[in-house]
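Heads up, the next two complexes both have chain A, just with different partners, chain B and then chain C.
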Partner chain A sequence: MNTRTGYLENVDGSCLYSLNSTKVIAAVTGPVEPKARQELPTQLALEINIRPACGVPTTREVNIQDKVRAVITPTLALYKYPRQLCQITLQLLQAGETESYFHELELVACVNSTTYALVDSGIALKGIALGTTIVITEGNKLITEPTDENLKNAKSTHVVVYMIENSKPTNLLLMDSYGDFDQNDVFKVLEQSEIKINELNKNFREYMKTKLNNL
Partner chain B sequence: MTDVEESTVEVHPVSFPPEILARISPDLSLQRHLSLGFRPSSRGFEEFRDITINTGDVTRRIQSDDNSVKIPPNNGKQGLGSCVLKQGDVFVITQITGGIIEDITLSKNDMELEDDTELLEITKEHSDITKYSSVYPVVEINRGRMGACTDEEMTISQRLYDSLLHSHILTQDVLRVEPGVRITNEDGSVSIIYPDTKENKEITNALKPKKKWSYVLYAKIEVFGRTGPVYDMCWNSLIAALQSVKLPRTFIDERATDLKMTVRARGRNAVVMETYNLLCDPNESTNLQLRENSISYASTYGIIDLDPEADITNLENNDDVDEPMDEGLETKTVLLADIDGEAEETSIKSTISITACPNGRFKQFSVVGGGAKITKELLMRSITLSKQRSRDITLKVQTV
Partner chain C sequence: MSTLVIPGDEISVDPERPVVLGPGMYNDPVSQRIIPVNAGLLNISDSKKGQTIYVDYDSKRYTPAVGDLVVGVITGAFADSYRVSLSSFSTPVSLSYMAFPNASKKNRPTLVIGDLVYARVCTAEKELEAEIECVDSTNGSDAGFGLLENGMVIDVTLGFARSLLFNNEFPLLRNLAQHCKFEIAIGVNGKIWIKTDEVKETIACYRSISDCQGQSQEKFQEIIKNHFAQVTNTVEE
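Showing the complex of A and B:
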C-alpha cells in the first residue's frame, strides 16, 4: 500500500493511494457553503463523486458512491458543521480489476483514500474507516488484498470496513459479499479482516506521525 | 414570594395523536412503539410482511386448443417471463424481455467446448466468473412524478446485476442460441428442423452458419406504492420471474444459411458481408435453464438501540420524579425483520441484507453499520431468519 497526502494543492485535503494495481486520487473540500438543495439545517451535508478510470460514470459508480457514503457518514462529526457541505471527489487512475465483473478493489481504495484525505483536510472526525478485500478460493483459502486473477477464480468475494475509534476497530461499518459461501465463512472473513485492519491502522498512525513530525 | 407565584405559568405538556407524532418525530414514535414490544406497523420484531407471488401472468402467451401454452405470433420482443409480487402494501411487477445478439467475442473456452459438452458438465461447478451471465435490470420506483432515475433506482439495478452475476445462476451456455433450419421439402411443404435428435443434429450441423448468437435478457422492474427499502422485493421478484422465462426457438432458412453479399462502400472497397436472417419460431419455446441450487431469496433486517428515555413504561413510573435517566437503565439492541415504513427506514441506520438459498448457502450478504453496533449474536439471528424466509418464499414460488 502506498499513500501520499497533500497531493493536490487547491483542495483542503487530498491523497494519492495505490494498492497493487489499483490507484486513486481522493480530494476533500470542506466545510464549504452548500447549494441550497444540499443544505441540512442541523448537520454537515456530504457530496461524493466517483470518476472511473475509463469512460464516464455509470450506475456502477453510483453504487460505489452509495457504499462509500454509508461508510464515511458515521465517521464524520456531522453536527459540528450545520448548514455546511463536505465535497469528496474520487478519481480512479487504475481500476486494477476487470470492471465489468468487480468493484471490490476500487471500493476499498476509495474508502481508504478518503480516510487519509479527510484527516489531511482537518475536518472533525469521530473515528476513521479502514477496509480490506478478502476472497475465498475454491480450496477454501482466504486471500487478503487479492489480484484480479484471484477475484476471477474466487468462490466468494468480501469487502469489510471497520470503524476505528481510540485506535481499535470497534464497529463493523460495511460488509459486502458476493458469491457462494456459508455462515462460517462470514465469521472467518470478519475475523481475518479485523486482523488486517488492525495492521492498516498501525500503518495509518505511523504515516500520520511521520507527517506531523516533518511539519 | 407572591411575586414568584404571579409570574409562574403553568405549562401543559403538548401531546399529539400517534399519527401526527409519527410525522413530526419518526424517531421518537418508533422508540415508543418498540418500548411496547411491537413496531409502528403493529408487527412483531421478527415478523415479516406477508408475501404473494404470481408468475407468468403478464407474459403474452395464448392458450391454444390443445391446451398447450404457446407464444403468440408477434412475439420476439414481447415479455418472455414475468412476476407480480405483493409484500405488505407494495407491488413489484417484473417483466423479462430479451433479444438476440451476435457473439463476436468468442473466447478460447467456447472453441474448446464446441464439441465437448461432457467437458462442460465437469467444469460446471468451476467458479470462473467469465462463464456466467446476468440479466440487465432496470428498476423504476413509481412515485407519481416524472424525471430522471434516482440514485436509489440506479443502486438497486446495479446491485441486482452484480448479485445475479456472482450467484452463478445463469451460465453463458444456456443463453447460447441453437438455431434450427427451415427446410422446403421436395413436395413443397415447409418444415423446421431443430437439433434435438441425433438425426436432426446432423442435418442442422451440415447447414449450420459459422456465426454464433446468444440471448440477452432484460428485466424491467416496476415498484408501486413504495413504503420502505425495496431491494429484497426486487430480487425475489426477479428470481421468480426468471423461473418462468421461456425462450423462443429460432431458425434460419436453409437458403440463407451461407449467404454472402458484396457490398460496395463509396465505390472503393468491396466487402463481403454475410447476412443471416435469424427468425423466432412463433410456436416453439424452451424453458430457461437456471442452476437450481443457486436459486436464492433475499430479506432485510434492521438493528436499532432501544432508547430507555423513550420507554413509555419508564415515563409513567417516573412521572414527577426528576431522576437521572441513565442510571440503572441498560440500552438494549433489537433486530427488526423486514424493515418497512418511514419511521423505520429513516431511524434505522444499521441494516443487514441477506440473500440465502434454502439450503443455507449465501449468495449475497451486505451489512451497513452506521448506527447500532452489530454484534455476532444479532448476525447469527438474522442468518437464521433469512434461511427460514428463503425456504418460505421457495415454497410460495413452487406452488405458483
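Showing the complex of A and C:
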C-alpha cells in the first residue's frame, strides 16, 4: 500500500493512494458553505462524488458512493459543524479489477484514501475507518488484498471495514460479501481482516508520525 | 509534553478537576468522552485552575475562534455591517459598522467591496455567524486594525501562519528584513498581506514566503537570497 497526503494544492485535504494496481486520488474540501438544499440545521452535510477511471459515473459508482458514505458518516464528528458541508471527491486512476464484475478493490481504496484525506484536511473525526478485501478460493484458502485474477477465481469475496478508536478496531462499519459462503467462512474472514486492519492502522500511525516529523 | 495523537485516541484526564478543551479536542455529546479529533501533537498543561488540552495540527481551512487576528476580504455591504470572507467557500463573517474606531451612527466606515481588512474575531459560535471587529474593544483604539492598502496577499497553511505570527524564534521575517523594508499583516486564517516600496520586492517577498513553507529553517536564507537575486538581476527596459 502506498499513500501520499497533501497531493493536491487547491483542496483542504487530499491523498494519492495505490494498492497493487488500484489507484485513486481522494480530495476533501470542508467545512464550507453548503447549497441551500444540502444544508442540515444541526450537523455537517456530506457530498461524495466518485469518478471512474474510464467513462462517466454510472449506477455502479453510485453504489460505491453510498457504501463510502455509510462508512465515513459514523467516523465524522458531525455535530461540530452545523449547517456546513464537506465535499469528498474520489477520482479513480486505475480500477485494478474487471469493472463489469467487481467493485471490491475500488471500494476499499476509496474508503482508505478518504480516511487519509480527511485527516489531512483537519476535519474533526471521532475515529478512523480502514478496510480490506478478502477472498476465499475454491480450495478454502483466504487471500487478503487480492489481485483481479484472485477475484475471478474466488468462491466468495468480502469487503470488511472497521472503525478504529484508540488504536483498536472497535466497530464493524461494513461487511459486504458476494458468492458462496457459510457462517464459518464469515467468522474466519472477520478474524483475518482484524489482523490486517491492525496492520493498516500501524502503517497509518507510522505515516502520520513521519509527516509530523517533517514539519 | 507532546505526543502524537490520532482521532479517537484515549486521553488520560483527571475527572475530578476542571478541564479546558482547545483546538483539536472534542467532548462527544452522546458518549461524553473526551477525545482528540485531529492528528497532531497533544499538549496538556496543568495549572492550579485546571487542565488545558489541545492538539497542535496543521490544516488549510480556517474556522473562526475568538481572539484570532485575521486578514479578510470585504465581499458585501449591508445597512449596518459588511460581509467579510476569511477563506474561500467558507461561511462569511460579519463586520459591524460600529466595530471601527470613532464609530457613530453618522460616521460610516468607507470600505468598499474587494478591500482587505485586518481584524480580530470577537464572537465565534458554531451555530451563529461569526463576527469580527476592527477596533480594540477594551480601549476603543485602532490597534493596527483596519484597511490594508496596496500590497499583496499570500495564502499559506494555518500552521505556517501561526509560526510566523507567534513564534519569536522563527527566522523568516528577520531574514526577509535583511533584504528589504516591508509592512506585513499575518492572519491566522492563512492569509499574509505584505507591502513593500517596490513591486519587484513585493514579488520577491511573495515567492520567498510561499517557497519557505514546508522547508526547514536552515534553507530560508538561501531561498530568500535566490528570489531577491532573480528580481534584481532582471534588466528593466
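By our rule, the second predicted complex is superposed on the first by the 215 of 215 C-alpha atoms of A that agree within 3 Å, B and C clash if a C-alpha of one lies under 4 Å from a C-alpha of the other, contacts with A are read in each partner's own complex, and residues count from 1 in each chain.
Heads up, the rule we're going with is that contacts are C-beta pairs under 8 Å (C-beta built on N, C-alpha and C of every residue); 3 or more make two chains touch, one makes a residue touch a chain.
The shown structure was predicted, so the numbers you read here are calculated from the model rather than taken from an experiment.
Of the two partner chains placed around the shared chain by superposition, neither chain B nor chain C is touched by A:Q91.
Touch criterion met: A:T29 reaches chain C, while chain B stays clear of it. When the shared chain is aligned, chain B comes close enough to touch A:T59, but chain C does not. Once chain A of one complex is fitted onto chain A of the other, the partner contacts of A:Q38 are absent, as it touches neither chain B nor chain C. Once chain A of one complex is fitted onto chain A of the other, the partner contacts of A:N20 are absent, as it touches neither chain B nor chain C. When both complexes are overlaid on chain A, the residue A:N150 reaches neither chain B nor chain C. Of the two partner chains placed by the overlay, only chain B lies in contact with A:F181; chain C stays clear of it. Judged by the document's definition of touching, chain A residues 163 lie at the interface with chain B and also at the interface with chain C. For chain B in complex with chain A, the residues that touch the partner chain are 126-130, 151, 154-155, 157-159, 162-163, 165-168, 294, 349, 360-371, 373-374, 376, 379-380, 383.
Those residues of chain C lying in contact with chain A across their complex are 4, 6-10, 26, 28-29, 35, 37-41, 57-61, 63, 89-92, 126-127, 159, 214. Here chain A touches chain B in the complex through residues 59-60, 62-63, 65-66, 70, 73-74, 101, 103, 138, 151-157, 163, 170-183, 186-187, going by the rule given at the top.
Considering their complex, residues 12-13, 29-33, 75, 77, 79-84, 119, 121-122, 124-128, 163-167, 204-205, 208-209, 212, 215 of chain A touch chain C.
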